[in-house]
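By written order: A, B, C and D. Residues from 1 in each chain.
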Amino acid sequence: MSLIAKGILQGMAVTAKNFIQSYYKKERLPTVEYPEEKSTVNQFTRNIPFLVYDGEDEIEGMRCTACKLCEKACPPQCIYIIKDTDENDKPIKRPKVFDIDSSVCMSCQLCVEVCPFESIRMDSEFELSNENRFEGLLINRDELLKSNEYYHEIHPIEAQETDDRIAAKIAEAETKKKAREEKARLAAEAKQAAAAMKAAEEAAAETETSATEQAQQSEAKAEAPEDNPETKNT
Amino acid sequence: MPARGYHLSKDELGADILEVAMGPHHPSTHGVFRMDLKLDGETVVDLKPIFGYLHRNHEKLAEDIPYLGCMPFTDRLDYLCGMTNNWAFALSAEQLIEIEIPERAQYIRVICAELTRLINHCLLVGFFINDLGALGTPLLYALREREKILDLFETLSGARMMVNYMRFGGVRCDLPDGWLQECERIVGRFPAFLDEYETLLKDNEIVITRSQNVGVLTQEEATNFSITGPMLRASGVNYDIRKVDKYGIYDRFDFKVPIGAHGDCYDRFMVRMLEMRESIKILKQAIADIPEGPIMGNEPRVFKPDPQETYGRIESPKGELGFYLIADGTTNPYRYKVRPPSFVNLTALRHMCIGHKVADAVIILGSIDIVLGEVDR
Amino acid sequence: MNNFIDYKLIELGQWTVGLFNDYPVVQILVHLLLATLPLTLVFMGAFGFSTWLERKGLARIQNRLGPNRVGIFGLLQPLADGIKMLLKEDIVPDRSDKLFHFLAPVMLMVPAFIAVGFLPLGDGLMALPMDSAILFFFAVGSLNTIAVFMAGWSSRNKYSLLGGMRAVAQMISYEIPLVLSAVAVIMFSGSLNAQEIVASQQIQSWLASGNLVKEFFGQILGWHIFKPWGFAGFIFFFVAALAEANRSPFDLPEADSEIIAGHLTEYSGFKYAIFFMAEYISAFAIAGIATTLFLGGWSGPVIAGLPWFIIKMFSLFAVMIWIRGTLPRLRVDQLMGYAWKFLLPLAILNIFVAGFYYFAEQQFGSLAAFIGGWVIGFGILQTAAKGLSRLNKSPTLDGKRVYQLVE
Amino acid sequence: MSEVNHVLVTQQFPEVEWEEKNSCFIVPSEKATEVVTWLKEHPAFRLDYLSCVSGADYLDSEVKTKEKNEDGKMEVTITQVPAKMEAVYHFFSIEKKTGPVLLKQRCMDRDNPVVQSLTPIYRGAELMEREVYDLYGIHFTDHPDLRRILMWPNFEHYPMRKDYVIPNDYDYEPTPHDEVIERARERRAQLEGGSM
C-alpha cells in the first residue's frame, strides 16, 4: 500500500458511478414503490390455486367433479374436499366443501397437473395477507371459484390452451358420438335391409348369414366408446 | 468492578476465556445457526457449531409421499437454488426407473442449473463482502442482478425460487416464446456486471488483507473433511462433478474449472467469481445449441420402482448435492436421504476458525456458503 | 470584504448583548446563551440533515431510493425517527450497571458539543474563542473513549464488552497519528489559535492587492492541502479522523456483522438516539477541524466565512458517507497495526517534511518550494509509505493472484 | 455407477461380504477401520473422499418372491427378513475420479445398534455420523463428539426410525381445518381434564 490505495479508489469510482447513474438510468434503480406502483405480474406466475367455472353461474358451471385426485396429490395436504349430495343423499359430481389452507399451500402446482377436468388452476394474486391467522387463511369453495374470463385475464396463453384442449375434447366426443349414431343408424339400416332381405329371400335363402354377421360387428364397434370417461364428462 | 454476569472460564495459564454464543439470532450467521465461541481476547480458542433450529425432518416427511410429491420439498432445501435441487432429485429417481430424457429437456436443465449457479454465487459473494463489513453495497448490486434471473425463472416455471420445475424424464413445461432471447440478453450482459464487481472488490486492499490467509484449508485437509464444491476447488483440488460424472449433457460443453492455490477465503471468493464466468460460457453454448423437440419422456406420474438403492449426485452451486434413495417396490421412497453440501462443508468450520479473530470466524462462515434450509433440513 | 455574513452575525450578537447593558449578570447569561444555543440548535439540525443525507446517499450508492415517505424527498424522516426513538421503551438490562449505563450517552454528548465550540465557523465566529483551541479540541475529543468504554462495560453484554475494548484500543491508537498530523500544520502556522491557522492559509499579500483575480485565488491556493506535506497530512488526518469518529472502515466498536452493535447493543430508545447524535456531532467536529487545518477553514472566494465552512464540512462528511458505502471493515489487529506501523512513522516523517518545506519557502521563495516540495517531499513520503507497507506485509500475503483454469 | 473390483476386497478380507444386488460391501464393525484404511491406501481404490453417511432402518418384514416352478405354475415363497439397522457410507476417489463404492455396517440388534465410527480416518464423517446417531440412534464407537445434532439435547426418541410414532402436537400449531381444530380442542380438553 502506498499513500494512495489504488484498489480502494477503484472501488470508490464504481460506487460513485452507481450513485450518479441511479438518477438517470432505469437499470441502476430497479426499485418499484410497492403500494402505489405494482410490478407487473408475469402471466406465468403461480401462487394459490383457484377453481375455474364456465359461463355465468358459479355452481352450474363448475368444472370440478370432486374426484379428489388433487387432494391425494397435494404434498402438504392442504386441500380438503367433501362431495356434494342431492336431496336424496345421492352423491353428485360436485364438491360441497373445497377448502385450501393457504398457510400450508406451497404453490407447487401438482394439483393443477393431476386435474383431469382442467378445473383447478393457479392464481397470480399475491396480496393474501389476512388478520385472522387460522380461519382467514382458509380459502373456501366460494372464494376459490373464479370465472374462465378471469383465468383468461391472468394467464391468457395457458387459458387459451386449456380452452382449446377442452374444445378438442368436446369435438372429439361429438365426432365419436356422431360416429356412434352413424354406425347405429347404419347397423339399423343393415338390420332392416337384412330383415327385408330375409323376408325377400326367405324363399331363396342364400346370402343371409353374411349380412347378419356384418350387422353384429358394427353394433359391437358402436358400443365400445361408451366406457371412455372423458366423453362422459364433457 | 467484578465481572459478574459474564461466563468466564480460565485457560491453563489462568487467563480468562470469554464464552460467546454467536447466534442463533445474529446478523451474519446466515440464518438460525449458532456458534459457541470461546474467546481469548478476540482470538477464537474454540468453536462449537450448534444446528437444528430449522430442522423439520424433511427426510421423514418424504417417506409418506410419492416420489413426485417430494419434488416441491427439494426446492426448500437450499432455497436459493431450487433448480439444481430439483435436478439432483430427478437424477436419482431417474436412476431408479431408468428412463430416457429428451434432448431439449437436457439442454433446458443445463441452462437452468447454470443460471442457478450465477444466482447463488453472486449472492454468496455479496453476503461474503457484507460479512467483511461493507454496508450492503456489493450485496445489493448482487441482488440487483439476481433479480433479473429470478424474473426468468418466474416466466419459465411460475415461481421465483420455489420452482418445482423438473420432472422425472424431463421438465414440466416448455420454454415460453421469447424466453431464450431474453435469457441470452441477460447472460450477455452479465459479464459487464462481473467486471464492475471485480473492479469494486478484487483489488481492494481491505478485502485482500482481510481475506487472504484466513481460514486456510490445505488440499489434503479439504479432501479429508469431505469438502465439496467451490470450497474444495479453492483448496487446489481439481474435482468438479460436472467433469467427473458428466451427468446430463455436460460433456458437450467447453468449459474450464477454476482452481485456487491457497485455500483461503480470498480464493473461495475468486473461484466463485471465475466460476460465474465459466457458467456464462456454458450458458452461451447451451442457448446456441438447444434443439427443438419434446421436453418430457412418457413416464407415468406415479410409479413403483423395483426394490433397489441408488445414489445420484450433481455439482450444485454449493458442492456435491446427493440423494440416496432406497426403493421398496411401493410408490413412496422407503428411505430418502439428502447429502447436503453446506452441512458437510461446515465440518471444517471449527478447524478453520481456531486461532483466528472473531471477525474472521464470521467471514470464514460466510465463505463456506451455507443455507440453513439445507443444513438443518 | 466578502465575509459580510460573519460580520452581520457578530453585529447581531453584539446588539443583543448590548440590550442588557444595565444588568451585568443577565448580560453574562445572555452572552453564554448566544454562544451556545445557536451552536447547539444548528448542529442538532445538521445532525438531522446529515442522517437524511447519509441514508439518501447510501441508498443511491446501493441503487435504492432511500427514505421518501415522510415529507418531500423524505426530508422529515429524521424528525419521524426522533419521535419514534422518543416513544420507544428504554430498556435497561437487568444486571447492568444502571448508573454508568445512563451516564454513558451523556458523557459522549457533552464533549462532542464542547468540541464543536472550538470550531472557527467564520471570521471571528467562534463559540469558545481561545488561543489554544486546537489543543483543547483534541483534549476534549479524546474524552469520548471513556464514554464508549463506559457504555460497553456497564451493559453487561459480551458484545458490548468486546465493542468497548475495541473502542478503547482503537481510539487511543489513532489519537496519536491524528495529533501528529495536526502538529505539522501548527508548526507551519506557528499558532494554536484556530483563527490564525485559517489566516495562515490565505495568501495575505494577494488579498490586499486589490486585484480581483488575485483575491479570488488568494483565498484558495494557500490551503495546506495543496502543499505536499499538507496533502499527506490531510490523508493521515482524515484516516485517523475516521477511526476517531468510528466511521467505516474503522467502525469496529459497532461492527454490525461481527459483534451486533458493539457498545450500542443494549441501548434503545432515546439513549440510543443520543449516542447516534453524539457520534454524528463528533464526526462533524472532526470534519470541521480537518477543514480548519487543511482546507483553509472558512476562507474561500466570493462569500468567505460561514457558508464556505459549512460547504467544506459537509463535503468531508459526504466523503465519509461515500467511504461507508464502499469499503469493508478492517480487522482489529490490522487496524492497530495500521495505526502504529504505518500512520505513526509517516506522520512523524511528515513533520520533518513540513519543517524542510518551511525553510525552503524562506530560502527559495514559494514557487520553488512548492515545486521542489511536491517532487522531493512527496517523493520521500511516497517511498517511505511503500517501504513501510512492504515491511509490514505478512510474508504470505501476496496481493494479486493468478488463478488456474483446468479442464 | 462404475464397476467395483470387489474380488480384491473379499480376497483381502474374507469377513467382508459383497452384496450383489446393491453392489455394496457389508463390513463387520470390528473390521471397519481396517478395511477402510486399506481401501484408502490401496492403489486400485484410493477412496480418499467419503461423500455421504446415511442410516437406514428395516423392521421385521416378509419378502414375497414369485417363481415359476416346474409345472409352470406361479409359486409364492415367503422369506422372513429380520429387522436391522445400517450405516451406509458412500466413497469416491478424487484422485482416480471413480466411485461410488458403497460400504455398509450392519447391526441386527435394533435396540442397541453400535457400529464403528470412521471419523478418525475421514474427518468429514463427523457431522454426518452425528446426524445418523441423532435420527436413528446408531452409536458410533470412537466418535470424538457424539451428541444430538438436529434435535434438541434432551429429546428422547429417534425420529427417523420406522417405528417412531409422530406425536400429536396440533396443540402447538393448529391449522384451520375444522377437523384439526376439533382434534386440538379434544386433546386440550383431555389434557386439562387429566391434569385437573
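Some observations on this one:
Quick note on the criterion: a contact is a pair of C-beta atoms (placed from the backbone, for glycine too) under 8 Å apart; a residue touches a chain by one contact, two chains touch by 3 or more.
Computed from a predicted structure; not experimentally measured.
Ranking every chain by how far its Cα centroid lies from the centroid of chain B, the top place goes to C. Averaging the CA coordinates per chain and comparing them to the mean over all protein CA atoms picks out B as nearest. With centres taken as mean Cα positions, chain D sits 42 Å from chain A.
Averaging C-alpha coordinates per chain places the centre of chain C 64 Å away from that of chain D.
In terms of their C-alpha centroids, the spacing between chain B and chain D amounts to 25 Å.
Those residues of chain C in touch with two or more other chains are numbered 61-64, 325-327.
Residue positions of chain D in touch with at least two other chains are not found. Of all residues in chain A, those touching 2 or more other chains are 1, 8, 11, 14-15, 18, 30, listed in ascending order.
Against chain C, the residues of chain B that register as touching in their complex are 1, 4-6, 18-20, 26-28, 39, 42, 129-137, 140-141, 144, 200, 203-204, 206-210, 212-213, 238, 243, 256-262, 266-267, 270-271, 274, 278, 357-360, 362. Residues 1-4, 8, 11-12, 14-16, 18-19, 22-23, 28-31, 33 of chain A are the ones that touch chain C when the two sit in their complex.
The touching residues of chain B, counted against chain A in their complex, run 65, 68-73, 75-76, 137, 141, 144, 147, 151, 154-159, 162, 164, 172, 176, 196, 199-208, 301. Put simply, chain C touches chain A in their complex at residues 57, 60-65, 68, 232, 235, 322-323, 325-327, 342, 381-382, 385-386, 389. Listing the residues of chain A that touch chain B in their complex gives 1, 5-8, 10-11, 13-15, 18, 30, 42, 44-46, 73, 75, 106-110, 113-114, 122, 157.
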